[in-house]
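Quick heads-up: structures coming right below.
Consider the two complexes below, in which subunit A is the common component and subunit B and subunit C are the respective partners.
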Partner chain A sequence: MSDTHIVGKRVPAANANEIVTGQARYCPDIDLPGMLFGKLLYSPYARARVIRLDVSKARKIPGVAAIITHADIPGENSYLYAAADQPLLVIDEVRYQGEALAAVAAVDEHTADIALAAIEVEYEQLPGIFDPVEAMHPDADQIVPGEKNVLSSHSFSTGDVEAAIATADVVIQNKYQTQCAEHAFLETEGGVGLVEDDGRITVYSSCQAPHRDRMQIARALAMPESMVRVITPSIGGAFGAKDEAHVQIHAALLAHATGQPVRLIRGRRESILTHVKRHPFIVEYTTAATSDGKLVAVKARAIADAGPYTNATQEVLHKFGEFVGGPYKIVNLEVELIGVRTNNPITGAFRGFGAPQAAFVYESQMDDLARKLGMDPLQIRLLNGVETGTKTYTGVLIREGSAMKASLRKAAEMIAWQKRHSCERQPAPHLRRGFGIATTIKGSGAGRGIADHASAALEMHRDGSVILHSAAADMGQGIVTVMTQIAAERLGIDLASITVTNADTSRSPDAGPTCASRQTMVSGNAVLKAANTIRDSLLTMAARKTKTEKHRLDLKVGHLTIDGKPHELSVKDLALRASNWGIPLHSESLVHFEYPEDAPMATYRFAQEVFQFGTQIAQVLVDCETGQVTVERLIAVHDAGKMINPGGVYGQIEGGIAQGIGYALTEELIVEAGLTQNPSLENYIVPLSLDIPEIEIEVLEIPEPFGAPLGAKGIAESPLVPTAPAIRNAICDAINKPLYRLPMTAERILSIGDD
Partner chain B sequence: MKPAEFLSPTTLNDALELKHKHGAAARVIAGGTDLILRMRAQVLTPSLLIDLQHAALNNIKVSDKYLEVGASLTISEVLQNTRIEDLFPAIHMACRKFAGPPIRNRATIGGNIVNASPAADLVSPLIAYDAEIVLKSANGERTMPLVTFFTGAGKTLLKDDEILTQIRLPLSAASTNAYFIKLAQRNSMAISQLNLTTRLNLNRQGLIETARIVLGSVAAVPMRAMAAEAMLVGEKSSEDLFYAAAAQARQEVKPISDIRASREYRLQMTQVLVRRALLESIANV
Partner chain C sequence: MFDLEIEVNGKQEQVSVEADTTLLYLLRDKLGLTGSKDGCRSGDCGACVVLLDGKTVNACMVLAPQANGASVMTVEGLAKDGELHPLQRCFSESWAFQCGFCTGGMLMSCYALLKSNSNPTRDEIRAAIAGNFCRCTGYQALVTAVEQAAAELRANNV
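And then the complex of A and B:
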């Protein structure tokens, strides 16, 4: 596909016009006749027994249509992501601040507020457990009765780690701490539920996984899934937190209870308090190497704070474990992964899914090792890096790994790495300049052992226009644009001829969740397959009409070509003829991400098979008197396979880096005794435009050979992964002191600068 | 948020009458950038909002002794005013660091004062230029130095029937030997961890005649480091002198630890940044 006409071209996002002109409809924009306003009553305590929950007075308030508690849920009172241990509405004990106890539907927001205030709750506050290490103690109180506090424990090892460490020339051992981080998407969680005339429930849901939402709503309502329809309106960002269900289930329950449409939107404070966060990790990490810098062993023990419920903890930990050694050849590796329940905020999916925590640790170790050996941080990475054909410590064969070293070399070239210290290193007595490099690995796809398939349905009409049904949620990342480009490319038509419907479970089969940088690959393949079927029909038609062998025919920019030369027959003509002849122009595909037979089934769960590599170099200026860090330059070289929409790829890289700068320097959900101290965007400090330098981007287009449509793979998560360690290494280069804790706030930098 | 009635009087007198009649139940609203948030959080639950947008409090004029600034001037308008930039540059600097353009287009200089946040960005430069404020009621008016207006975090001497109408900047205090520094967790849309303004007026011999060191977010109210100021008066500027004054300022502030910074960090930064601001104040001398 070297001479593509739409794939690989920078095209505007499919719905950009609607978004920037305010026409796009998000959950809060949905306004239906007779619609009620839903609100949830949230616990103010991190842990408390509910002695009494009395909604009788609140129910009598004029304008209140329904108040439901756990007792009013017709079906299962639980979310279901990986386990069913988190209730939709609390029964007798709240286990984190912000857990919901009751849901109200009222004629307006103000009345709903009054009703919430009139609900009588008597709590008995209980001593919570807020330290995961304390929660692991065998005598610790059980946070969820009948369930162990250690909800996930897994060890993996290869080679002989102890022997390798014992005989290594250098051993670097450190303890790291990463923070609880908030997604801070623009649009808070929301859902609108309504009851159709035939009793079916329709839910508009701001989500990443419409079909999983449907399952969760159906089981809460005790209805068959066929009676539930989930539609995604426009979605204003998600970053993982909307992979797990939130209030769309409650909106459905309230609509079911009242028979009226109910819109339920979380406020910003409620949003920050209640949805899953990025797991805080405590990591003990040992790196062993030879005196010439060759890695011989890695040993790590990671404890992740899950909050009280399971959510994606096990999967995040496994992803951490899968990448714990980084993109390096390591023969001896041992990792212990522990997920622990506490009464802290719940944690789960967040862009990167364990990989950013791992990268902060392994790339900090690499720099500490280089420093100890007096080696160039670039050279030590090149020396140990994986390549095409490397078998990783998880046993997975890297089928295309040339981007690892290529990205290192390219980034180094862009900043003139070997001459970096010829700049002014101390531009003022209190200022120090430093450079840091980080190179990372991230996978695409849900991972082995997890359902990883997608469907897409395409239909070409007699006028040559096309409708594409897909249930792949687009939260702003651009999958709709990507799918449109792939379909247009294969069908030889322009983008404007294709209409894509919103994800809607009533007309689109499951595309799986939008997560794990998977949709470009999986839904991309589904669209490719469906488009190829229609293309074949058109070419069959063309071959018949022109009496030419099919292999000489192609479709390009609206026309048939024969041996590459344009023919007068247009795609439109072919579509009309095909439909007159009854040749089918619709196709529905189902594509599985096929895991190869050599996948190491026995050892490592959820292992991915397709990888993105990336290198970032940060140049920072540290004010040694205030601890403040200015990121002056950021070089980013990433591997995206073949780019479908370069605009989308560059956007993902810039966005990921912006989020990575926040993760590195300022973002931290401050939780004291289970209570969040900064549940607002005023005090949860995400970086803004003035905090982000011009980002210098280079994309390596190395077609992915394995399972990728047209050689393309996901890029949504990988750019976030190297940013924090690159900045960390730059700060350490500037001040000549190591840092082991995120975020690296001014105060923290200052306090270690004193030593 | 509890709904409130919203009235938009077209004269100041009408506004004062409304405030007189409704007292504490009424809140004056200008930009609303802070008030609305507090109403949403149910910290404030006024039954009436008196909008000042049409009450003719948005002009700047020069009298013989003062630059008189209307209280409902937006931060953007203050920022764009060249007279303020020329005569009172530290105010201009503070406006540049104030939130971001959308907030600056709504928030007002009067609102930033009556809000009485210890971290208010405009208050330290205003105090550094010896600003006075005019408080009006249906029964008359009074003026006072801004530095005396604050009685605690969120608390002022404003009476229930009064409206802040004007800020007066004495022309005698105008000085370009002034500097504003804001320490915050990001470069825009941030609440100060600490802010400060220094102003030095030099006499013909080049000795310091007047010195102001005003700090925000290091005590319950914006404060002057008066002992540090006193160390400077009559002296010739020098790095050593500024170093000593900065160390003294650190002794005078009474910061607390909060979500944005620890007490210890604020103490340390007081010393670092007072020295820097003093040096910057005379950078062009």
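And then the complex of A and C:
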């Protein structure tokens, strides 16, 4: 595939024109005749019994079309992700601040607000449980009646950890804490529901998983899924939190109740209070090594705060455990993973699924180990790093792992690692400069053994134009652009000849959720397969017409080529001939995430087998008087397999690092006794343009050998993973003190003090 | 109700609004110009930045009656006769956005910058968009896009 004509090119995003002209339509931009405005009533308390919920007065307010409570839900009153333990509307007890009790539809937003204020709720506040360790106690009050507070408890071990630790030369043992973090996608959650003439329900949903949304809406309405249609309009970011359903179900319920279109958009405060957050973790971690720096054992115990409901807690913990040892050769490893219910905010998927928490811990440990042994942080990582052919502690054979050490070496070269300390280390009495490195591993796909498939449909018309149907949600990361480029490449046409429809469950079978860095591989392969079928029909016809063997033919830039030379027959000519002869140029594919038949099954259940490696080096300046950290330089080397679109890949890397800088230094949802103290973009501190340095990026294009479309693999999550530990190691290098808690705010750095 | 006259993207509009209507609501819901986005309603995100008499404002922080008699320019007013402004084209070519929700406000902040500074440094560009929150990118591609657009505009003016 070296001579591609569109794949590998930095073409603009498929929807770029609509975006720069302000014409792209997101949920809040949808305006339909007779449309009502939906709002939800949210609990101000973290835990309270609902003694009385009276909507009768509110219902009488002119302009209020409907108010629904749990009693008005025709079907199941629950979300359904991994479990069905979270109600759509509270029945008798609220379990976290911001849980919804009622849904209003009114003629305008103002009237909906008045109606919310007129709903009478009598609460009896209950003592909440906010400390996961306290919630784990056998005598602790049950947060969800009939359900254990420990909602998930798993362990995995390989080798003989205790023996390895007992005989090791060095043992490093630390306790880490990571924070509750907010996605802060710019477009808050939203949905627009409407009832079609034939009684079907259509929902425009700002989501990552349209088919899972459809299932959840259907079960809430007690309707067959065939009567529910979910469409994704443009989506203003998601980063995991829109993988789990939010208000699109309520929009559907209100539309169903009123017979009118209903638009329901969360305000910023409600958004921050209510959607799933990144899990705070408490981790006890032991690293054992020989005196020459070889890792011999890792032992970890992680407790994740789930909030009251399950959501993606098990999956996040599972991925944390999968990557808990990092990209290192470890024979003896033991990990215990515990998810606990509390009355804190609900937590779930957020870019990286547990991998960022794990990386902060294992990469901090590596630096502490290097320091204790007097070794170079780069060398100790090279010494222990995995390679192609390494069998990991999860029992996976790494089919392509050369990027692990290549990324370390390249990053080190870019910053002249060995000479790093020749710069001014103390440019002023109160300023200290430091350098930190972190190298990480993240997988693509749901994991082997979990359903992981996608469909795509392509149709070429008689004029050579093509329509592509896919239900893969694009939240900005660029899967639609990727699919368009793959289709254009294989069909030998230009991008302008391809039209892509929005993800629409009535047009396309399931492409699965857009998560786990999977769509480039799974939906990419689905498009590749469908395009190859049409291509084959075109080439069969061309072979007949030109009386040439098929293997000498190709389609390039609109034309047939024979032995690489352009022929007068265009792809359009071939499309017209096919149409005249009744040869179908339509193909719908279904592909599964592929694994080689002879690959051994992993010992870690549902382990991923395609990996993205990446190394980042941070140079920081710490103000020891204020605790302020300035990231002066950030070097990032990542592998993405073959890049389908460098614009998209670099964008993912820059954006992931920006989020990683926030995760490292400033972002923390401050929750006191279950109540969020900073539910605004003013007080939840995300990095802005002046907080991020010019990031120096190098992409290693090492094609993935198996199951990757044209060698491409996912890149969405991995760039965020090394940033926080790289910055942590740089701060520690500067101030010569270790840090074990995220975020590393000025206050926390000051409280440690300089030496 | 408050009757007001306002010029939006060169077009004279007469509208009646409640006195507490924001300029953002006026643009989006009364005039159907949804390129300015509602990201926070508190002036923190910049997704609704428009030009009010040539100056950048967060439209969510301006009451519509305050814009009576004023001239407003939104992202919809950037392209002329179907031809993209160099900023718009450079934003596309440089991947200056991903989800695009910040883009309308971002473009207007950058447009205002280039009106007052035809050759900004990367730091000056970063300062000009310091009130525009983007969660998808690292701002870097965006800064490059503005540099390129500025160079193009300078070349065209010679």
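Simple rule for what comes next: the second predicted complex is superposed on the first by the 743 of 755 C-alpha atoms of A that agree within 3 Å, B and C clash if a C-alpha of one lies under 4 Å from a C-alpha of the other, contacts with A are read in each partner's own complex, and residues count from 1 in each chain.
One rule holds for everything that comes next: contacts are C-beta pairs under 8 Å (C-beta built on N, C-alpha and C of every residue); 3 or more make two chains touch, one makes a residue touch a chain.
Predicted, not measured: the structure shown is a model, and the values here were computed from it.
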item	value
In the superposition, subunit B vs subunit C on subunit A residues touched	C
Touching partner for A:234 - first (subunit B), second (subunit C), both, neither	second
Which superposed partner A:566 touches (first subunit B, second subunit C, both, neither)	neither
Subunit B versus subunit C as contact partner of A:690, first or second or both or neither	both
Partner chain(s) touched by A:657 [first = subunit B, second = subunit C, both, neither]	second
Partner chain in contact with A:74 - subunit B first, subunit C second, else both or neither	neither
First (subunit B), second (subunit C), both or neither touched by A:678	first
Partner chain(s) touched by A:750 [first = subunit B, second = subunit C, both, neither]	first
Which of subunit B and subunit C A:738 touches, first, second, both or neither	neither
Where subunit A meets both subunit C and subunit B, residue numbers	682, 688-690
Subunit C residues within the subunit A interface of the complex	28-29, 32-42, 44-45, 47, 74-76, 78-79, 84, 88-89, 91-95, 97-104, 107, 122, 126-127, 129-143
Subunit A residues touching subunit C - in the complex, by the definition given at the top	10, 12-13, 15-26, 28-29, 31, 183-188, 234-237, 239, 265, 267-268, 475-478, 647-648, 650-651, 653-655, 657-659, 680-682, 686, 688-690, 692, 694-695
Touching residues (chain side subunit A, partner subunit B) in the complex	110, 113, 625-626, 628, 666, 670, 677-678, 682-683, 685, 687-691, 745-747, 750
Subunit A-facing residues of subunit B, complex	1-3, 100, 183, 185-191, 259-262, 265, 268-269, 272-273
